[in-house]
Amino acid sequence: MINGKDSILRRIAALSSVGVLTGSMSIIFGLGGTASAQSTAPTLAYAGGWATNGIVNPQPQANGNIVQTGIAYVPLAIYKYTGNYDYWPVLAKSWRLSDNGNELTVYLNPKAKWSNGTPVTANDVYVTFELQFMVQNAQSWGLTGMKVVNQHTIVFYKNPKYLYSPVFLEQQILNNNNILPAADFSQFIPKNFWSVVHAASGNPKASTTKAALADLEKWSLKMEGYNFRSPQNLIYDGPWSFSRTSSAEQLYIKNPYFVFAKNITANSVLAINQTTNDVAWRGLENGQLAYAAVAYSPPVYSAVMSVHDNHYVAAPQSTGMSIMFNESDYPYNLVQVRQALAYLINRHDARKVGEPIGSVSVKIPDGMTQEANDQWLTPAQRASLNPYNYNPAKATALLKSVGFKKTSKGWIMPNGKPFEITLYAENYSDWDAGLQEIASQLNSFGIKTQEDFMDPTEYYSTTDGVGTGRFPVATRWWGGWNPEPFYTYNQAFITDDQNFTVNNSGQLVRGPKPYVVDAPTSISVPGLGVIHPQELTIQLETNIPLSVEKEDVYKLARTYDYWLPAIDVWNQEAGRTYSTQNWTWPNFQNNPALLNQFTYQTPFVVYQILGLMHPKG
Amino acid sequence: MRTFWHILRKRKMRIVGVVLLLMFVFMAIFGPIIYPHQPAIHPNEIYLPPSWHHLLGTDYAGRNILPQIVLGARNVLFVAALAALFTVGIGTLIGLAAGYLGPIVDSILMRFTDMVLTIPSIVLILILAITIGMSNDVIMAGILSFAGWGGMARAIRSMVLSIRERSFVEVSQGLGMSRTYVIVKEILPNLLPYIVVHLMLALTGAVYGEVGLFFLGVVPFKADNWGVMLNFATGGSGAMYSTRSLMFLISPILAIVLLQTGIVLCTDVVNELVDPRLRNTVGGYQANGRRRQRRTSVGRISVGGRVRSSSN
Amino acid sequence: MKLIRRIAVSLVLIFVVSSITFFLVRLMPGNPYSVMYHKLVMQGMTPLQAEDQVKGIMNAMPNEPVFVQYIQWLTQLVHGNLGTSIEETGVPVTELIFNALPWTLVTVSIGLFVSFLIGIVLGVISASRRDTWVSSVIDNVGSIAHAIPVYVTAVALLYLFNVVWHVFPSSGAYGIMETPGLNWPFLASFAYHIVLPEGTYILAGFGSWELAMKSTTIMVMNDDFMMAARIRGLTRQRIMNYLGWNSILPLFTLFMLSLGTMFGGSVFIESTYAFPGIGNLLATAVTTRDYPVMEGCFMLTTATIIFANVLADFLYAVLDPRITM
Amino acid sequence: MRYFGQDNLYDMSYDQQRRLFWEKVAMVFQAAQNTLNPLLRIRQQILDIAQDHDIDFQQAMNSAKQLCEIMYLDSERVLNAYPHELSGGMKQRVSIALALLLNPSLVVLDEPTTALDVISQASVLRILNDVRKSHNLSLIFITHDISVISEIVDRIIVMYAGRIVETGPVRDVILHPRHPYTQGLLASIPPLRGNLSRTRALRGQPADLLHLPHGCAFHERCPRAFSRCRQEAPRLLTDDHGQTGVACHLYASDSGENVL
Amino acid sequence: MIQVINVSKSFLVKTTSSHAASGRIVQAVRDVSLSWNKGEFFAIVGESGCGKTTLGRLLAGHLLPTGGEIQYNGVSMSTTKRPHHRHLARLVQLIPQDPYAALNPVRKIRGLMRDPITYHRIANNRQADELAENLLQMVGLSAKDVIGKYPHQLSGGQRQRLVIARALTVEPQYLIADEAVSMVDVSLRIGIMDSLKEISRQRQLGLLFITHDFRVARYIAQGGSIAVMYLGQIVEQGPTEEILGAPLHPYTQSLISAVPILEGVEARNQTVVPSRYEISTQNLAQGCSFANRCPFADQLCKNKAPSLLPSTSPHHLVACHHAEPRELVVDVAEPAS
């Protein structure tokens, strides 16, 4: 050591104390929230993504915390997805649709309370849907207004001119929107709110209407994702209330005032931030997680399943990998070319390398999942659809029929140019191997095919890209995300936007967004005659008898199967892994409805609300 | 050639390094001849263990891993070598210009260099990679060269400044030689050892950056790159989580580690090869122009006829 | 006085770097501003709404001339507004960054410090055992460790210590049950969580310090004052002290480069360990093309490094009497 | 090598060696500006030496101040300065003062004035001469320039290629150099005044220590070399007192006897 | 003839701070005038930092003066845009102090010698080698031994000779040797100086020798003249023997008296050691720059700077208010042979 006043060591010590390290530590310490008492076991740990969802539903709070809506908030009722428009009531006790389908009266469960003990009232529901008016969602459902009858009763009014099925409105109001606390959110409703909303629905050419619309737009902008922050210290009506968060985990503790609090057996929920799949894989391999919805590769799947108590269950999911075409781009505007390609793709092999776990290869490429096919079509109808099994001979015939020629260098188009395909996919797509397999299948047939990748920004708007001709052929998630055929065919023949738009006269109309597939309004389907797919699709959502609906679905399936706006390669499954180490799970064989996809709730939340899960030991 | 062997033999690790680097260069040159195409997908041969057919096993799509490594070597080495050349070229040019062309050029160039140096190179590369895009290997190499040219330019500049002050430059100017002559014939040869050694260092830097970009998955997918393999191994295919698939994780890691090790060990060889002063020294001349007395050259000093060993 | 000048120069530097980020993103083909604007219009927004939205996200209007955009953007910047994130809808970029930056600063500083310590110790050992197998082993290990990409190290450590042995956690900066602050449980949890990231920083960082330390040590060892110190009959300890400080000081100039390298490494390390720092934020922003966040990260890391450099220079000036600040 | 009758230097422990150095034998180096630790003030360096040789701080400071006076140094300024704040001449004088700090019996001076200007050199030489007398010091003065030392030293040893070629009282050697090398050296110093024609160059190159010629190392440059010089290295032949000697075959009989 | 007319040169010296580009201005040469003829041997003597090297570089055209002008055979080159003017180059050659540094370490002797010859088209490639060999021969090097070697393979003396030979490749008319022998072994110095003198005499070159050593100065400028510089100015100038025999400036006197003498061979000087203040090149006060060190300075010296004027003889110039011979010399004894 150097002695004396000049000691360099001492200087270093003194200076490092004011260094970067200390400074930043103090910033971290400054971040600390207040600690609250920890509840003890049983804690239910699960891995999931932390994306914020939807508009208005709680966004990141002003203090930066992100609350997962599905755990801390519940809707009025939970959709069963059995296809029969059935619901499990949650905050609502019951509801009644008027005979003309234009009034929905909801009776709240008097036991429903917020996490601070105050009751959930009709006013909370009112404010929740006011916010939907504010961002102009409610208007698109044809909702015209609401009336609070008493503390537990609220009536919703639908525009009688809107012709579509009232079940749609029911779904929006009962299931699709979590009820938010008026105490926290009413501050965002302007005083002149309703007058503006009413004025905005007036004569589109009137200046008052225009002014009101402008106001509405301003509000909606303020409330939309990029600008809106939820208030701090929210109260919750869900089974668990938000407690604390780190970047990797979140803790929710049981809400004792939750309407079905007695059913809730997990005192707390620990949510692991599933930034990437491997976070969930590690948790499952370590036996730390009770639940995860995660994709697998085969070795990981076998590694996870080799852990005792881990189980996997697959629910059908109405989406999958499809190859979509720009139907105005030569040669894909030729139905024969699309059909030939369908004959040339070995869907089974492609699925096996593309998405080996959690998918099923498509048996009949008619736009619907196998389950939907079984439900909506008779065996005879199903047999009449073309399964496009691998068949190079048929493909050859089809291609030759439109003037293509096979040479030593491969297939040549009538214009003399070689037939070459570039399959665009997301950069670093999980499906890469599957696409390569498809490419090699086509290559071996003589169609020069290569895989290429899009920029991530482009991937989010692939459908736009296909629509505008940026990508003649692209691969993407495709499907309605809903077992009801309407959503599938809406996407295929009308718009890829799942929330179709309704104009003032109640007609489904083309939105401002270009169509993915520029499907013609009438298609001549062999053996079926001329079909008007858009009319048929719209008809599916109007009040028609089930038998007519089924006939319409068949016609649409035949049309899709013939016209092939996209070639469905494989359908995905909603794979869920759960551990029975600490919890008993419902018996999915006895109650397949439980397997279906729930919109905003993580499945175990629903099982808990229904009282189907119990801690072991 | 004899000196080369001599240098090699001095340390065993150097032989290892040269063999490793030669192996990868061989792969890069002849790989596409041995394996003309990317290995095919075999849906029924997923994650096979190493065997005679598949020396490194197969990946998540049943592809043979070895050809992927071999074919990856060309892409990795080509882009990295190009990037290293760019790095060294830009660095040398800017360093020479700043050091030789006077204080105004110097201060402009060095402010710019300082700024680039302050920005973390990987961050800069990331931003450039996605704004400019990496449509081909040359552009990619150009972007990657941002990783190192700043440091290179600074070093070259300070060397030029010090060489410029050495009197042989003044003498040469005094003899009426042109600027070009002085730069090319007097200054550049003195920088050459540094430039060549830095070329090797820039190579490791470029491999790091290039493979890293593919590992992060931010630049367009390229089937034959180790970074992509590593990305899929750690991410989508989760090769880390099962011993069955471990070869897919280990192969690219091993390839990267061995290549970098090879380059590093060869840097040592190159260093000695290009700098004769490290090899054999007559007189006490050292690179920095200072003369030092060699304390070890005379082991014995005879005093008054009696011999004593001297030591400190 | 020179410190003030230096800070002023740094501020100018930061201004220039931030301006470059502005123009870099704006003047590139496929200008994300107009892309986003057109996308919003296509999604059904009126041009006015879309403009407003883009302005909120990116801090400037896409339709204005670039110069006007630049002024708008600068005005917002002066008010500490960097726009809002596209991915984490509505969250101001500054908030994201200020939540992330401290974690990175702490881990990077610890990593820098520890790797520096290990590096100088090994460097001195290697220099004092010059031309023996010890120094050859140390040098080879050092230069190879320096050359092995940090992500490879990160993946290897993650595999060994988390997947195989379950010893250390794989993600996050601390356990959920801890309250960040000056309390032992939190510090312990934090320490536990940063073992792997720090290990990676250190493995990647010590090599260059070792090599630099070795060469400066050898240089100082040959300096006349070292021989003089021996002849003057100073104790071994004091001679080592002279040697140490004189060899370490020149390394301060390397801080600039190493800080940049460390921050660059944090992109890989933090995304591998899902560590909530600025590197992870940047990696995510880059993969999702979240331009405002990218810009912010870029600017803030650069600014941090510039000021760390000023600090290092200042320290250097205090430590080395030959340098005046 | 034994100093003052102590043990052989090379048998000593490090601690014994370091006690011997500076307390008994001190040294002044050629490049004095480089022999001071650049990071420490002169005061600190003095204290370091004092502490390692168990001298009281205050006592060391006092003698340091005294030495500064002798060296014509402003002690207030110099002691508080860092080495780089001093000029070359000042640093040289500081390093001489450091050498005298512990009152050594012997000071070895290795070209202490080579880096200095003529006038600084003169003043340093004068100081050394004064100090030698006042402190009763032994000096060993190593230099390439005979003229520098001729006024200070008593005895001179001339070395060539690692060997002593001539030794004797300084006046004797300068007035009557015996070895051809000494003669050549003296002849190559141009006189300040008087006849320049006697100034002659020594021919050839200095011997390369790695490739010493066979026989007398000087024979290739020697104007008086004869066959024996090429075959046999001469021994240093001294007179009876061992004070005067020369290593040259010119002064040896065939049998190697002393002919002086 | 080279004429130096009121030439000054100042430098911006950077401070040691690692970043800031601040510095202070140092006047290395101040208002120097002299003339130098072809075939004339000239020595400049002064302590380090007195500006003698800068003056040499100015004369050789390596630097441009900040004030005044230098005329080469009546033509002023001070107006040329950049230093190292090509015509100048062939006229005046500078031999720097350090032969190690003066030769590019990575190039072989052959190239070093040949390039200037071919560059200036003095001879074609084939003749160039011959010419180079002749020049090497002339400076006492065996061309065969050195031509294929690198500079670091030569000894110090050989290197210095090589530098001289290289300077001669462009056929200069003037040679400036800046401390050209101080880095060389003592036993070799006379040999090199002899070569320089011999070549200069043969080729009728002007030889300017810059040194701090009066012995060397006298040896070179025997029959020529000596100028003594102090802080950028010439304080005394005149024929060699006059300067040495009867210096008039106190500074010259103290310099000469500080030269160590060979005890017993040469007479001891009566020493005139200036007071102990350090030399400083900054903050020059008005008045004589030597005043604060001068034992004879009075109020006049502190107020008024003396100018360089002829004194005892028209060629002996001195800048001092109190220029007078002071007794320095006693007698000379011859060394024994």
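In this document, chain identifiers A, B, C, D and E correspond to the written order of the chains, with residue numbering beginning at 1 in each.
Please note the rule applied: a contact is a pair of C-beta atoms (placed from the backbone, for glycine too) under 8 Å apart; a residue touches a chain by one contact, two chains touch by 3 or more.
Just so we're clear, the structure is a prediction, and the values are computed from it rather than from any experiment.
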Minimal step count in the chain contact network, chain A to chain E: 2
Per-chain CA centroid nearest to the all-protein CA mean: C
More contacts between chains, A-B or A-C: A-C
Most widely separated chain from chain E, with each centre as the mean of CA atoms: A
Intercentroid distance (Cα basis), chain C paired with chain B, Å: 23
Distance from chain E to chain B - Cα centre to Cα centre, in angstrom: 48
Mean-CA-position distance for chain D and chain C (Å): 55
Interchain centroid distance [CA atoms averaged], chain A/chain D, Å: 92
For chain D, residues that touch 2 or more chains besides their own: 39, 41, 48, 84
Multi-chain contact sites of chain B, meaning residues that touch two or more partners: 130, 133, 217, 234, 240-241
Residue numbers of chain C (touch at least two other chains): 163, 230, 238, 245, 287, 289, 319, 322
Partner chain B, residues of chain A touching it in the complex: 276-278, 281-282, 285, 296-300, 302-304, 349, 352-353, 356, 427-428, 430, 432-433, 436-437, 440, 453, 455
Chain D contact footprint on chain E (complex, rising order): 16, 47-48, 155, 157-158, 185-191, 194, 212-216, 218-219, 222, 244-245, 254-266, 268, 271, 273-274, 276, 278-279, 329, 332, 334-337
Chain D residues touching chain C - in the complex, by the definition given at the top: 14, 17-23, 26-27, 29, 31, 34-39, 41, 48-49, 52-53, 82, 84, 95, 98
Chain C partner contacts - residues on chain B that touch it in the complex: 11, 13, 114-115, 117-124, 126-128, 130-133, 151, 204, 207-208, 211-212, 215-218, 230, 234, 240-241, 249, 253, 256-257, 260-261, 263-265, 267-268, 292, 312
Residue ranges of chain C touching chain D (in the complex, touch as defined): 223-225, 227-236, 238, 242, 245-246, 249, 319-322
